[in-house]
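So, here's a batch of structures to check.
You will see chain A twice below: alongside chain B first, and alongside chain C after that.
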Partner chain A sequence: MKNMERDAKFRLDRFLLTNLVPLIFIGLSMVAIPISQFSGSYLVQEMLIRLARNAFLVLSLLIPIIAGMGLNFGMVLGAMAGQIGLILITDWKIIGLPGMVLAALIATPIAMALGWMCGVILNRAKGREMVTSYILGFFINGLYQLIVLYGFGKVIPIRSADLVLSRGFGVRNAINLLGIRNCLDNLIPVSLQGIRIPLGTFLVIGVFCLFIVWFRRTKLGQDMRAVGQDMDVARAAGIPVERTRVVSIVISTVLAAYGQIIFLQNIGTMNTYNSHEQAGMFAIAALLVGGASVARATLPNVFLGVILFHLMFVVSPMAGKYLIGEAQLGEYFRVFVSYGIIAVSLVLYEWRRARDRAYARRSLRGGEA
Partner chain B sequence: MKRRTIIQASLVLLLVLFGAGLYRIGKGFDLLVDNKTITIEDRTYRATSTVRVSVDGGEPIELMKRDRDVISVVGYSHVIRVEELDMDDEVVRSVEKTFRLDRNSGDLLSIPALLGGEEAWIVIRNP
Partner chain C sequence: MAESLKSVIIGDRGILTPSHPSYTEVKGMTMEPLLRIEGVGKAYFGNRVLKDVSFSLARGEILGLVGENGAGKSTLMNILFGMPVIRETGGFEGKIYLDGEEIAFSNPFEALDAGIGMVHQEFSLIPGFSAAENIVLNRESMRNNLLVEVFGDRLRTLDRGDIFLRGRSAIEKLGVSIDADMLVSEMPVGHKQFTEIAREIEKAGTKLLVLDEPTAVLTESEAAILLESMRRLAAEGISIIFISHRLQEVIDACDRFIVLRDGEVVKESGTEQADVREIATAMVGRKMGVEEAREEEGRAFGEAVLTAEQLWVDMPGETVRDVSFSVRRGEIFGIGGLAGQGKLGIANGIMGLFPAGGTVLFEGKPITLDDPRSALRAGIAFVSEDRRGVGLLLEEPIKLNIAFTALQMQDRFLKKSLGGFLTWRDEAAIDELAREYIESLAIKCVDADQRAQELSGGNQQKICLAKAFAVRPKLLFVSEPTRGIDVGAKKLVLDTIRRHNREYGTTIIMTSSELEELRSICDRVAVIQEGRVAGILPPTADRAEFGMLFLGASKVSEKEVAS
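Presenting the complex of A and B:
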């Protein structure tokens, strides 16, 4: 009887701990939405646009989590590859969907090379993948800036005067992506009661979700799960652990490149030197808000996370304005929440893991609390 | 091993060809449609009236005498339709012509030259 009570309490505690972050966000949203005074249709429209804009980037994080490599902060490498593709197609003036696909095609080998490099490095930093990939992002950012600031125009020819800095080399700070703006979102124009639905992008996201479901069942997907659960056991079972981990990072990096291209076609402008920097942080924060952890993430986590995270993005400045009289305070709150939530999720994950271990130890000892 | 290499090389080649195809399909051009008097190889074509110009059946633009505008087109082959208008905006004459663009072709479409029957009515803009 005592054991049953303890199990029930443990399950409740575990549920609350597992879903604490989404529950906090749902609570905050319920308070902030009425204060912001936004209409329901406006919020639905904003959420649909933001879901189309961000879901692919967030989905690209799932595969390394399956392989036990945690949250891939190195996805910014893929984002940079995507941006190089976008710079080139803007210079060549390739318009519409062909331009977007060509940018993805150009980004693929760059992202594969960067992903392979990242995977090899992470194999040498087992157990510290997240911090290593985070720092690796800064390192590659330096290389990216070097290429974009000095390579473009000097080594890589750029003809468009709209792109090149007045000194003759280097790419301008902001690039207008008018040629490909919303080309995927508006591919199949659908409008429901005045709410525009970016069906083209949702179809691509849907195909990606099916890919992830299928991928988990393949031999490689099963290998990744085995590696994610226990590397030593996986190695003993004949799975090439290091290679599997590298493949997971390569796939994630390539998908992040595509995600960044989809993200920027929705936005319509590219901040050459900064757009990629926030990509990883916001995608990871959104995934964690959806209830994912370092070791476990599902498709519902992605969609719930993007909706809740961006709901806060939209409503908090306005709620701040009506509540305190300053929109800026709401904006500070939003940034604080974005970064804070990553820290809270990581702490909760470690806490939960310690509790689970303690519970397992107690159970082995014979049920004494 | 050899077969695998051949398959991989073929795939890369296929992707390169796919990329080249995308380049051709999606290549965009900004063209200046110009209704100004122009001299081409000692022959002068005078802008005399207002014209309505549309390319590939797109939104038509109206150009008065000494007027110019920019249009964006996608792809290499296009059809231009020029309608000369009188004072009451009635169409006096209509000309339709197919033209091709490439890397070296100009980006200025001279309407007086086109209406005057000039072969080289697409000219390279003076910097």
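Presenting the complex of A and C:
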């Protein structure tokens, strides 16, 4: 009897702990939405746009989590590859969907090379993948800046005067992506009661979701799950652990490159030296807000996370303005929340693991069990 | 011929076994044994762990392999499986034949391909996978699809239906009922063990199965089912090497058994006439080189100074489940048992180094478990079995090592200045202390400033003891004091412990894997088996008596020393 009560309490605590972050966000949104005075249809429109913008990037995080490598902060590498593709097609003035596809084709080999390098390095830092990939992001950012600031215009020819800095080489800070702006979102124009639905992008995202569902059922997906749960057992069974881990990072990096291209076609302008940095942080924060953890993330986590996270972004500036007459607060809140949520999720995850271990020990208590 | 004999044996668990001629001889004459090991030996860096081991194993035969920890069982299995460690340390002597062909695997995968399966002590299962998924791990049934042509074989899709069926039929072969869809993380321990065995037999062409203490984690009824499964497998022609410390099981389940001691086969016989006591005696035996002379003196002890009630300790690999004992003032109390049974966990738990629970009273006052300071403040010191990890500050000089605990916990060897605002180490007092112990324990070193890591194992152990003595403990835990040090130094270390007990009246609780060592200096010896006290014996008790407790063959009620 006592045991059953303990078990029930443990399960309830566990549910609350697992879902603490989404619950906090739902609570905050419920308070902030009425204060912000936004109309329902406006919010729905915003959420649809942002879902199209962000979901692909967030989805690219799933595969390394399956392989037990945690949150892939190294997705920034893929984002950089995507941006290099976008700079080139903008210079070549290839517009519309062909432009996007070409950008993706250019980005693919770059992302594969970067992902392979990242995977090999992470294999040497087992158990510390997240911090290693985070720092790796800074390192590759240096290389990216070198290429973009000096390489473009000097080594790689850039013709368009709109792109090059006035000194003759290096790419300008802001790039107008007018040529491909919304070209995927508006590919199939659909409108429902005045709300535009970016169906083209949703289709791509849908295909990606199907890919992930299918991927989990492949031999490679099964191997990744095995490696993610216990590397030593997987190795003893003859699964090539290191190679599997590298493949998971390569896939994630390539998908992140595509995700960044979709993200930027939705925004329509590219911040050459900053866009990729934010991509990683916000995608990871969104996934965690959706209730994912370092070791477990599902498709519903992705969509719930993107909606809750962006709802907060849209609502908080206005709520801030009406509450204390300061819209800046929302902007501040946005950054504060994304870093804060990552920190809280990581701490909660470790805490929960410690609790689970303590719970597993209950059978050792000679007197009680 | 062999098959029919076999079924007789299986049917009646040895009762109707023909006592002669031994049926293995019959088999030997009629067919080549599945496995033949001839004169196998192995030495690691001049340290001989296996000498001239020879035995053979017929098809469908179950062979029990028993021996103490360190008797050479693991080395023998490492050789059989071609573990890289064997080749890296210079290979092995002798020959191994499987199916009449000489084998020398260069890695375990070759052994698996040749049809040798191994079930380890610790589970190697993926927790988030179902039983069936684990059973076919990396041998999944798959279907082709278009993408395979582009990206290769790893993008084949899994055939979940077939995986389930294969898993289920492997489980059925064992004769147990486990849901093939159940996740391993939700299984009771026994089911995990069966899942592992099912994985080995699901592999095509498994001829020989090595089970390394498969029953250690099982309840009695689960163990009985497992033994039944083993006999079913043997009836299908799979040979089994069964490693176990539970002798009754060896007798019940095996056709024959061999006993390894100090790397040699000391006993080999059929199980039909075997007797637990006899095997236990053969196993424990007499160790070479340890003097056994005990000074018999009228030893009188005070009241109980430390009492543990229902102590549990979550120390990985040395789990203590439910231990109660009490130690009297001035006594040397020994804790023995085989490795992994939990004897090391007791001291570590009371000292707060691993999560623990239960009640521990020291001089009538409770010790707060999970807090090392509580035990240290109460006047308990600990010489850890992990000398280089927990015991010593390897980079620091000898003198600081000796003074360290006293300095940290008792604020000794410190001097204050500026009205107590600043505290300094009292180097002169520390030097004096170090000189004193270097002399009294005969620590061989250049001087007290030498770094601890430069000393030999025996001298490092003496520094650990000096460090513990320096806090003038009322009670001292010493774990594995002679592990990894040479024979001469062993005696010196034991003498040091004994002398400290006699001179200062310090109560000592010594944990050791070496039975002879415990018997030579302890006043009472508790034997820990499967995380519980199997019994407490006087050191003068018969060696076989200890052997029985080590193996959990009998639950002897506590026998106190008559005094």
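Throughout what follows, the second predicted complex is superposed on the first by the 362 of 369 C-alpha atoms of A that agree within 3 Å, B and C clash if a C-alpha of one lies under 4 Å from a C-alpha of the other, contacts with A are read in each partner's own complex, and residues count from 1 in each chain.
As a working rule, a residue touches a chain if its C-beta (ideal position, glycine included) is under 8 Å from a C-beta of that chain, and two chains touch if they have at least 3 such contacts.
Because the structure is predicted, anything quoted here is derived from the model rather than measured.
Once the two complexes are overlaid on the shared chain, A:94 sits against chain B while remaining clear of chain C.
Legend: residue contacts after superposition of the two complexes on their common chain; A:179 is shown touching chain B, with no touch to chain C. With both structures placed on the common chain, the touch criterion links A:214 to chain C but leaves chain B unconnected.
In the superposed model, A:229 makes contact with chain C only, not with chain B. By the touch criterion defined above, A:332 lies against neither chain B nor chain C after alignment on the C-alpha atoms of chain A. In the superposed model, more residues of chain A are touched by C than by the other of chain B and chain C.
Judged by the touch definition given at the top, the superposed model places A:105 against chain B, while chain C stays out of reach. Chain A residues in contact with chain B (one complex) as well as with chain C (other complex) do not exist.
Here chain A touches chain C in the complex through residues 214, 217-220, 222-223, 225-226, 229-230, 232-234, 236-239, 358, 361, 364-367, going by the rule given at the top. Residues 108-109, 124-129, 133, 137-138, 140, 142, 153-158, 160, 310-314, 319-323, 355, 357-358, 531-532 of chain C are the ones that touch chain A when the two sit in their complex.
Residues of chain A that touch chain B in their complex: 89, 92-99, 101-102, 105-106, 179.
Contacts from chain B toward chain A in the complex involve residues 15, 18-19, 22-23, 25-30, 72, 74.
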